[in-house]
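So, here come the structures, one by one.
After this come two complexes, each holding chain A, first together with chain B and then together with chain C.
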Partner chain A sequence: MSGYLSSLLAMLSINVVIAYAVFMPASAGLLNLGVAGFVLLGAYTAGGLSSLYELPLAPALLAGALMSGLVAFIISFAILRTRGIYMVLATFAFAEVVAGVMLNIPALGGAAGLSVMAYAGLPVVVPCAVGTVIFVAWLMRTRFGLSVRALHDDESVAHLFGVHLRMTQVVAFTVGGAIGGLGGGLLVHQFNFIDVQSTGVLFSIYVLLYVLMGGTQTVWGPLFGALFFTLVPEALRKASELDPSLKFLEGGRYMVFGIAVVLLMMFRPQGVITRTMLEQWLPRRGARRQA
Partner chain B sequence: MQLLQQIVNGLMLGGILAFVAVAFTLTIGMLNFLNFTIPALFMIAGMVTWALSSAGPHWLGLGWHWVPAAAVGIGAAVLASLLIERFTYRYMKTRFGDATEHALPLVSSLGFLIIFEHLAVSLWSSDPQRFELPFKITTLEIGGLMFGIPHLISLTLAIVLVAILKAVLERTRLGRALRGIAENPNASSLMGIEVQRIVPLVFVIAGALSAFAGILYAVSYGTVTPFMGDAIATDAIAGMVLGGLGNIWGAIAGGLLVGLVKVLAISTFGAEIEKIPVWGLLLLILIVKPTGLFGQTQLGKGKF
Partner chain C sequence: MTQVLTLDGVSKSFGGLKVIDGVSFEVPTGSRTALIGPNGAGKSTLFNLISGVYPIDQGRIHALGKDITLMSVPQRVRHGIARSFQNIRLMPHLSTLENVMLGEHHRSHPLQLMGSARATASARRALEDAGLDTFPGQVVADLPYGVQKRIEVVRALMAEPRILLLDEPAAGLNRTETKDLGRLLEGISAKGITLVVVEHDMPFVRHLCNHVVVLNFGCKIFEGTPDDVSRDPAVLEAYLGSAQAMEDSHVA
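Now for the complex of A and B:
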């Protein structure tokens, strides 16, 4: 595989992992505009352990995910006190606080960023992405997944039917945080570098947008979103390289993404992949047995 | 003296933040809509003004006098703001009957933020551009303290505009209509208020406020970039939350407070600390007292 394709595939895999970090809370109706915070926590924990303490890659990644998950668990109680716009703002503020803390740990490089030696590469990144998708798909098929879906569709009705609101939300938020931490660990070991600047507000915005673009009703939405967000701008860039008359696509490639988001919110606000769409496309479980 | 100067610097930065915070708080208070395109409007005004007023090979490099350039910059931002109104708030209102209860307008406004910023990148590249100052003196010395003139203008203008806004809201027929919409758009519509015609006004005001702030920022710091709005807007959001969502005087106080905390923290602990006090304070406020420092009731009730 050429270097170009493999780096594209690695980027795609990392984007997929981080997409599920936003999807987990979003599937329970919680908008997280602070995924950069969890990614940074995971990246600095994993990167710090592997570069300063020479821990092997696997335990370092695990530690990064656990750290983010733990922090997500602790702050979820505070953040879940807020709702709607306030919750969006609280997650946003959380990410900024994490960025601020990371900037002030000199051992982790401070403003200059953290460089690590260990390299993840495709054999680590791709299985992690596939594993994340399978794990979330499994989780959403359990009883917990059913509660999450119920919560997403109607909080009050879910509550009336005995869904434990707070617990479901805390678990969804925590799992999301842990996945974000994993994504961060992969990010730092794939590029051998992480800094606060490149993982800031815009990063959180992009991830939230491509997840909502894919749709939060089913587990396949974020996958679509990550594919679109990774491949479409890249294809536009490639096109502008091949043909000089398409040069304008180079600078405007993220505009296409923005326009797609705006149009989608107008015509299909539930996202590209919806539950009814999947039901129409895929044979229903058990349907064949009845026939 | 050193400390006093730092306090002045903080309030100067806060003057610009207050402007943007008022724009944010207005759309939230009136429409319950967190308008994330405000940083883009801020940027459009700054960049268009720069592009028109400096002669050069770049797009729109016409070398105009700065007054018409700034006027066109503000106009462009207001037009962009109306475009957002058309495609986020109004569209969702007509299609779903209610644009306030879900996150759709917020998400659309994030989409618009990306569109406008990358439009600016493809027109003018992402490099910071030097803004040639139209005036020679930009600081004023009073009793040994240095005051930035653009900042002073910003702060004074913000206070004057908010006073006018407040008077309009409290005294006039239009203000009563606006307060009605803030309280309950459907009931206002039943009472004969033309909601669809008044809502764009909120966007015009928010756009003009952000545009003013963008130009004042460009003038006082001397550079413009397609992403110049991001950092200012995040601080302004912090200011808005500290002041209480929808509370316009609170936004001014919050903006000043954020500027002050930021500058004092940087001068005491160094540049790297800046995010922690502001955002830590914000997170704390959101969790402990989400109505802001000045004790407001909930959104949509008795804001003005």
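Now for the complex of A and C:
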């Protein structure tokens, strides 16, 4: 595989992992604009442990995920008291706090960023992405997944039938945080470097956007969103290189891409992949269920 | 006859407005009790007080031998009280089967896989009993209104209640759908589940219920049989206005 393709696949895999970090709380109706904070926490924890303490890659990645999960668990009690736009702002503020803290720890490189030696290539990154998709798909097929989706639709009715609101939200937020931490660990070891600028507010907005665009009704929405946001800009860039008449796409591809996103949001605000669509596309699955 | 539900001087205010004012009545075990009254009488509010959605200001509620006044909503469900809603409140993005399975959520393990035959068995059986077994995999938002109404009843049944509160179950249904619903509710009642029904459709109430409580402006104005209710002067006045007002309208 060419270097270009392998780096594209690695980036796609990391984007898929981080998409599920946002999907977990989003599927319970919680909008997290602070995924960059969890990614940074995971990246600096995993990167710090592997570079400063020479911890092998696997335990370093695990530690990054656990650290982000633990912090997500702790802050969830405060953040989940807010709703709607206030939750978006609270999670955004959390990411800024994490960035500020990392910037002021000299041992982790401060403003210069953290360089690591260990490398997470495709044999690590791809299985992590596949494992994340399988894990989230499994989780969403359990009773817990049902309660998460019920919360998304109607909190008070879900509560009436015994869904523990706060516990379900805390678990969804914590699992999302841990997945974000794993994504951060993969990111720092894929690029052998991380600094706070690599995952700014725009990063969080992008991830949230592609999860919402893919759709939060099914577990396949974030996968679609990550594929679309990673591959379409690259495809447009490649097209501009191959066909001189499409030269305008070289600089204007983000404009074309932005218009596509606006149109999708206008005509399909519920996201591209919905339950109804899957039921229509997979009639055999529906028939099997009915059997 | 023993009482399955007792309201004793229940009151509720929203700000300065007293919407339920010292209401007391008893629901006999296994009965089909209708709670009727003009719009704004406080019927749905009373349902919300019994199911625990709103806390009560004064009075006590006893159900199934226990004081449930301070119980949380999930505790009341576990205690045997389930309800449906005036406006359909199914989870629109879940399938019929998933919506129904939500009803038994309080007694299931969080990591139980939902796709297994064992996990879905009771929900499928409940759908089959209600004649809804042709829609298990379908997203409920895509189903007809009458079917959704019945799914809501089945979901409440999955909680294995001994008291089932139904808020306007026949509202918006056509004659055939109302008949189907009536048959479903009669079947539920035959299993010994006590029904408490808020309903405006009087023929439906007369056909289904054997005990009627009438509310007006948050107060109980009548309690008795469906035959007696239409002869009670206080009920007639609440529904049609005062005799003088009726006379005036005739003159005009």
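The rule is short, and it goes like this: the second predicted complex is superposed on the first by the 279 of 291 C-alpha atoms of A that agree within 3 Å, B and C clash if a C-alpha of one lies under 4 Å from a C-alpha of the other, contacts with A are read in each partner's own complex, and residues count from 1 in each chain.
The definition used in the following text is that a residue touches a chain if its C-beta (ideal position, glycine included) is under 8 Å from a C-beta of that chain, and two chains touch if they have at least 3 such contacts.
Owing to the predicted nature of the structure, the values given are computational and were not obtained by experimental measurement.
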Between chain B and chain C, more extensive residue contact with chain A: B
Given the touch rule stated above, what does A:Q217 touch, chain B (first), chain C (second), both, or neither? second
Kindly classify A:L146 by the partners it touches after superposition: chain B alone (first), chain C alone (second), both, or neither? second
Identify the partner contact of A:G100: answer first if only chain B is touched, second if only chain C is, both if each is, neither if none is. first
So, does A:P127 touch the first partner chain B, the second partner chain C, both, or neither? neither
Which holds for A:G252: it touches chain B only (first), chain C only (second), both, or neither? first
Could you say whether A:L160 touches chain B, chain C, both of them, or neither, answering first, second, both or neither? second
Going by the contact rule set out at the top, does A:T276 touch chain B (first), chain C (second), both, or neither? second
If we overlay the two complexes on their shared chain A, which of chain B and chain C does A:L202 touch? Say first, second, both or neither. first
Which chain A residues lie in the overlap of the chain B contact set and the chain C contact set? none
Any idea which chain A residues touch chain C in the complex? 138, 141-147, 149-150, 152-154, 156-164, 217, 274-276, 279, 285-287, 289-290
Any idea which chain B residues touch chain A in the complex? 28, 32, 34, 36, 87-88, 91-92, 95-96, 102-104, 106-108, 110-115, 118-119, 121-123, 125, 227, 230, 234, 237-238, 241, 245, 272-276, 278-280, 282-283, 286-287, 290, 299
In their shared complex, at which residues does chain A touch chain B? 31, 78-79, 81-82, 84-86, 88-90, 92-94, 96-97, 99-101, 103-104, 110-111, 201-202, 205-206, 208-209, 212, 248, 250-255, 257-262, 265-266, 269
Could you pull out which chain C residues touch chain A in their complex? 51, 53, 73-74, 77-78, 83, 85, 89, 91-95, 97-98, 101-103, 105-115, 133-134, 136-139, 141-142, 155, 159
